[in-house]
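Each of the next two complexes has chain A plus one other chain: chain B in the first, chain C in the second.
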Partner chain A sequence: MSSDERQAPVPEQDEPGTTVAASIAMKHRAGGVIVPITTALLAFLIGGLVVLATGHNPLLAYRDIFNGAGLNWIFHPTTNIANTAAYNLSQTLLQTTTLILCGLAVAFAFRCGMFNIGGQGQYFIGLYVANWLGHSFAGMAPLPHILIAVTGATLAGAAWAGIAGVMKATTGAHEVISTIMLNWIAIWVGEWLFGDGGPLQNSANKTVPISNDIADSAKLPVFWGEKELQGLHVGFFVALAALVVFSLLINRTTLGYEVRAVGFNPDAAAYGGISVRMNLARAMAISGAFAGLAGALDMLGYLYHYGQSDIPVSSVGFLGIAVALLGRNTAVGVLFASFLFGALLFGTTHGLTSNVIAPDLAGNLTYIIQGLVVLFVGADLLVLSIWNARKKLRPPHRPAAKHAEAAA
Partner chain B sequence: MRGIRKEFPGVVANDDVDFDLRRGEVHALLGENGAGKSTLMNILYGLYKPDAGEILLHGKPVSFGSARDAIQTGIGMVHQHFMLIPVMTVAENIVLGIEPRDVIFLDEDEAQARVRKLSEQFGLVVDPSALVSTITVGQEQRVEILKALYRGAEILILDEPTAVLTPQEAAELFGIIRSLTAEGHSIIFISHKLNEVLEIADRITVLRRGRKIETVPREGATEASLARAMVGREVLLRVEKPPGHAGDVLLSVRDLEVVDERGLPKVRGVSFDVRAGEIVGIAGVDGNGQTELVEAITGLGSMSGGTITVAGRTMHAGSPRAMLDAGVGHIPEDRQRRGLVLEFTIAENIALHDYAEPPDAKWGWIFPKRMVQRAARLIKEFDVRGGGPQTPAGGLSGGNQQKVVVAREVARDPKVLVAAQPTRGLDVGAIEFLHRRLVTERDEGRAILLVSLELEEILSLSDRILVIYEGEIAGEHAGEVSEQEIGLEMLGAGKRTEVA
Partner chain C sequence: MTGVWTERFENPVSDRLHDPATTGYVGIGFGLFAGLLAIPPIEARSVVWSILVGIVGAMLGVWTATRGRRRLGVGAVVISLIGIGLGVLATRSSTGNLESVFNASLIAQMFAAATPLVFGAIAGTFSERSGVVNIGLEGMMLMGCFWGVYGADVGGSWVVGVLVGGATGGLLALVLAYFAIQLRADQIVGGTAINFLALGITGYFFFQLYHGNYISTGVSTIPNVKIPGLSSTGFLGPAIGDLNLFIWAGFLLVIVAHIVIFKTPIGLRIRACGEHPRAADTVGINVYAIRYGCVILSGVLAALGGVYLSDGFGGGAFNDNMTAGRGFIALAAMIFGNWRPFGAFGAALLFGLSSAIALRLQVYSASASTLFNVLPYVLTLVAVGGVIGRTVAPAADGKPYVRQ
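And now, the complex of A and B:
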């Protein structure tokens, strides 16, 4: 040990874990499952204070949101979709499906040390391509049609994110900037596609900026509820399978090993013989594939068509960031976080029947809680870095390497 | 300092330590990493409050709330890493915080005059008007010492002051220390280099695991006795090294050129061979192209000219993977940044090169259990302590981390082993282990290239020594050679012009 530990200008290499992924992993070890639960509870608490400030009873408001999300279904389980609770729950799970995949899109890039803010754009690209492919090939057998549309949309999402990945790998362009830019490009591409005279505008009425409906052969089977009533489609199981794929990919494959190594410490990864650039581009593309798949499932599962006016309303890609952060970039965490946000998303909007809380306020509550989660996770990192700085002010309480390093 | 005790959560950093310093003496504080040297000095310098014990200055008890208090009572500290502002002049750095003012602006002439006077008084030669960014490391250290003296320090704490110096600069520093003590200043000299301590100190205090083991006068102390006190057992200070049997050339570097990102040449036409069963040491002051040379040989950095031949395979440009496949093992100079993924488990770290090959993996599928089994075997063989295969590498001590790195590299059975500063930051026990292991690996028939800033390490381990200066080989020695001779070449003085 040596005195330099306590000085301000400690050389960079003395600080293990300088990447975002590394800090998050450190936090993971430090806090386990307690921290994300606390984060969520705290967000709900502050959200409740907002409700209180508007003169409503937060407990009753949360009860109504709980019911609005169909979570009261557990008290009277039934598969009869005519039951309000059952219907609400099916809609919550529909949102959960999308959020799982959008969350994985952010989480996968995180594991490779990158922040994919472009989930929204990648999701849009998936939607567009699924709409195009779903509308084309009418009359094809359902299974191949669905496979073509899903595969095409997933690859398109991968390619879209891959642009940012390749730019990062070749020129070092920061993925945060490039994915935000790509979001805007995706938004305006959609405006053009569905707008007057756009290639995907519906063929029936050339004054309405909405796409055609996809062919029946491309629609995903609904297993709970009715297609006409936006029932829960089999994409839900695809999303659950994606969680398993994510977990296996990260933990049990050489690809995942490379992703984690690059995410934690690119220098050591390169030393190990891993191509850092290739991994950055590839991880970004895999991220985009998850978001593109989300778009495909939404389009083929219940949206069926899309229009200009839908574009600015969608924010599932951004919610995916909160999902990944709250879920600690793990499959299990993403599952729970998606369900939480799925319930909030539906329970505060369409599902809400409440005389306690105004619908506007309820809808905004989702975004307040989303914002608080991101803030707290961010603050968490801040707290952690302050904690680390504090530890640096103390001599080792274990013969830790970084202390040993210093005495050279 | 009497009965000093300091506890941190889970560890007693100082336990009932007594330490006294007499006017005009050099008192060395000796101990392994984590022995409590820094904690003790940080207490003296006001950065920590002791849990028990007291500090007496000139017989009166004092209590420091901060380093400022300590500075005011005449205690100064020169840290291992200097804290100077490179864009300011030497004089500006020294007077920083208590500047002579000319109404509101810094009176540069007055500052320089004061610094010049101070530097003459103690024989610390510096140019007060030079920018700090333009002076050498040795001069920076003098500036730091002057800074402390300018603030009225009577007691100077020097933390591992020679770690960054060449032998010549170290000798000059010792001269400075002697002139300071002659003027009545007292010096606390923190070190883990036994020979230095024996050269400069009047008395030596050895700490081990937070406790004071002994305080001995220099007379009568030997390297062996001090090492025993530090480690708590007999330590082999000199590496037992039977003469090597050099075989075929396994690593051959020809006319290697490396330029940095700014296009400046870092390695300039370097050529040398390393044979099987031979340790070739590269000596040099930090920043003379060693890092770039190592990175070229290991494929981590690019080369702009020349060739590298590993076991018969000639390469003009390498990637880390290509060099690994060619049979180059690498103990990197920064094990935390390069050598290990600290968040990974030991097992995962041991698999860092071979994670994609059987038995660790097949068809892209990883078999964690096999990684763990292999790691468990190597942990045993290399005596890695402080964790099992599933322990994150970041939780190990430096010495054990380095053992993991060495285990991984050696287990791949490399033909060429590049060891860059393999013992940096390690304590005596770990250094002993590493040195023995390098000799063992040499005798296994590997070609070993040892790059180190520790001249002593180079001298004791190498069968052949190359001196690198400004990216060129400035000297080559096969037999006995003195530290002074190599030291001169390290500074460019003994450059073998036109001979090679």
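And now, the complex of A and C:
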């Protein structure tokens, strides 16, 4: 029994895994790339079982989702965007763009030992500010206008997350609770902004709870497809660049070193002269900047306007949690995970027929798979334990008193 | 320091008057009164009264804050300012509107809106008192929402709905418990997963079984309790004369939860597991069993709140993502109430009142309505920030326990 190896009971505080980041980092060092792939496959398998149990063919359903996401494009890569597969793929990449940034928002905070559940709220705030700035300054030259809107939205996202970061740093308020609250506050701020008589509500039509369209000068250039048909905008490259920035920032800078140090063990970091408080606040703000940028790119890239009814439907910020966890909080992992979820997100809305699986069912299947992925990744200690030493999983049967003796 | 203490014993009454804590609470009282002045039944029509009373409250708050009780003092100032704001808002609208918003049936609506929160907050209290953070309340509540209506529809009786709804919530909680306790997965990540799962499962089966339509009428709903002898015209009649059975069950649940957690041996064990599981294990308490029990109970209770939401409050209808954040408000109520049943109950009532007012204000002013909708979240944010009072979670809350 593994417990025999331990001479004395160790206080829980000293065990690895006291912070989210520490436990995840520990698991990640061990598992390599096999565990996340197993995790995803397992989630798809269980999702498939649900599909099977409700009288649909899971293989056909997954095939349709695969095709709906435009992944069949690889079999006949024509560059013609009029081709359905190519168009679908461009839409999948559009979702991937958002998910990369929302995933990075969660991943960066994880690296500093914090769980940023507030990506959704920070994304909304970025979206609102981008809409406001994109609608204002009409007639400005495109480049400065886009820069102003993107910068403003990114900073707004950073500030929104910064509230939670500063609260964590100064009063120790748990970032999970504060970011959840900030999510809901952001949702209601949106309801107010776009609602009847709200500051961002459509100035031409006062009866619809939808914002104005942003000015043409603030719209991002589209490089694949048509602007009118929601083509793929240059924000895709911004997201890819953000992956590189994330990787460099975490792995190659003093800031990243401090962030990781605080994430591994705040006490040791503090002993080494790193200001834990400052790093918590700063990491949260940077985290929010990624989500704010996601909101900005969505608004300037293809949404152009936003309405009250769009708010409760959006869940990209929460998908970011699954992306970051499946991607193991690394840039490369986030890239693959966001492509997977981007494909699921778009593939389940498109090109599905009800005789195989209805789009509404498939959309909810995405949530189920997302939930399973998060559940399994959170517990990939389990997968590792099975891999390494199966006996560790068996709960020890000896009474606690014996251990007290052993300790004495 | 000793001088202060002897003085306190020698002259307790006058000293208590000088105690900044007392002044702080009086300040909070003034702040609340400033808001109440402008609404029925007092309904002062001049904004001056609210401002005057509010300023007194704020000054008492400042006095308190400068004498060592900073949090309480700041709290009094904030509440006074909110009170003044309410007064200004209220005096600017007509008396007719005010009376149609603030009347006895608002009390009934407050209870109706608060009940899912009461169930959810008590659910969270049990789980977290045993040391397992339950972010998945929202998802467990959503399970109760859908499967409760499904049970009532298929089983032909709301009782079946309650049983089925509660069971599905417990089942989902079992998943969280297995991952959080047995596998020692991060509890917050696990809870987040539970929320996604519940959203997917309920949405999937809603479309599979009902094609996404509102569940048809004729579903057996949880009945109301008509109290005989209360006329429908007075104050008590509209306020409590015709409340849903589950609202009363919620009141009972709070009392029972308080007794169980604080007055029984099992409650002592639960709290021991949440504060110091190693010590609890040493004296022979089965930490895993207690935590499993509490998390599953938590799932059942949260789901019962969901059953009430769809099959009581909602009249037997379900729609996608019906809970719409109520599980998170329940979580907030639990934190706001400092992980105590009665505290959670008070917070749930406050948040319920807030959303009941928001619902009524919608007709008159969308922005004022939004303000009341967002109030629970802002208050909780302020509370966890430690500005008003400090919330203290159980010491081992969120920490997996490893048996040795």
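Basically, the second predicted complex is superposed on the first by the 361 of 408 C-alpha atoms of A that agree within 3 Å, B and C clash if a C-alpha of one lies under 4 Å from a C-alpha of the other, contacts with A are read in each partner's own complex, and residues count from 1 in each chain.
Definition applied: a contact is a pair of C-beta atoms (placed from the backbone, for glycine too) under 8 Å apart; a residue touches a chain by one contact, two chains touch by 3 or more.
Note that this is a predicted model, so its numbers are computed, not measured.
In the superposition on chain A, contact is made by A:Tyr257 with chain B only, not with chain C. By the document's definition of touching, neither partner reaches A:Lys227: not chain B, not chain C. Look at A:Arg63: by the touch rule set out above, it reaches neither chain B nor chain C.
Ranked by how many residues of chain A each touches, chain B and chain C are led by C. In the overlay built on the shared chain, the residue A:Asp267 is in contact with chain B alone; chain C does not reach it. Looking at the shared chain after the overlay, A:His350 reaches neither chain B nor chain C.
In the superposition on chain A, A:Arg277 contacts neither chain B nor chain C.
By the touch criterion defined above, A:His305 lies against neither chain B nor chain C after alignment on the C-alpha atoms of chain A. Within chain A, the residues touching chain B in one complex and chain C in the other are 3, 6, 9-11, 17, 395-396, 400-401, 403-404.
By the touch criterion given at the top, residues 8-11, 13, 33-39, 41-42, 47, 77, 79-81, 83, 159-160, 163, 190, 192, 298, 300, 319-321, 324, 330, 332, 334-344, 348, 351-353, 355-356, 361, 364-366, 368, 386, 392, 394-401, 421, 424-427 of chain B touch chain A in their complex.
In the complex of the two chains, the chain C residues touching chain A come out as 135, 175, 179, 182-186, 188-190, 192-201, 203-205, 207-208, 212, 277-278, 281-282, 284, 288, 321, 324-325, 328, 331-332, 335, 366-367, 370, 373-374, 377-378, 380-381, 384-386, 393, 396, 399-404.
Across the interface of their complex, chain C is touched by residues 3, 6, 9-12, 15, 17-18, 20, 23-24, 50, 54, 115, 117, 163, 167, 171-174, 176-178, 180-182, 184-185, 187-189, 191-192, 195-198, 312, 318, 321-322, 325, 358, 360-361, 363-375, 377-379, 381-382, 395-396, 400-401, 403-404 of chain A. Touching chain B in their complex are the following residues of chain A: 1-11, 13-14, 16-17, 22, 25-26, 29, 251-258, 260-261, 264-265, 267-273, 275, 393-408.
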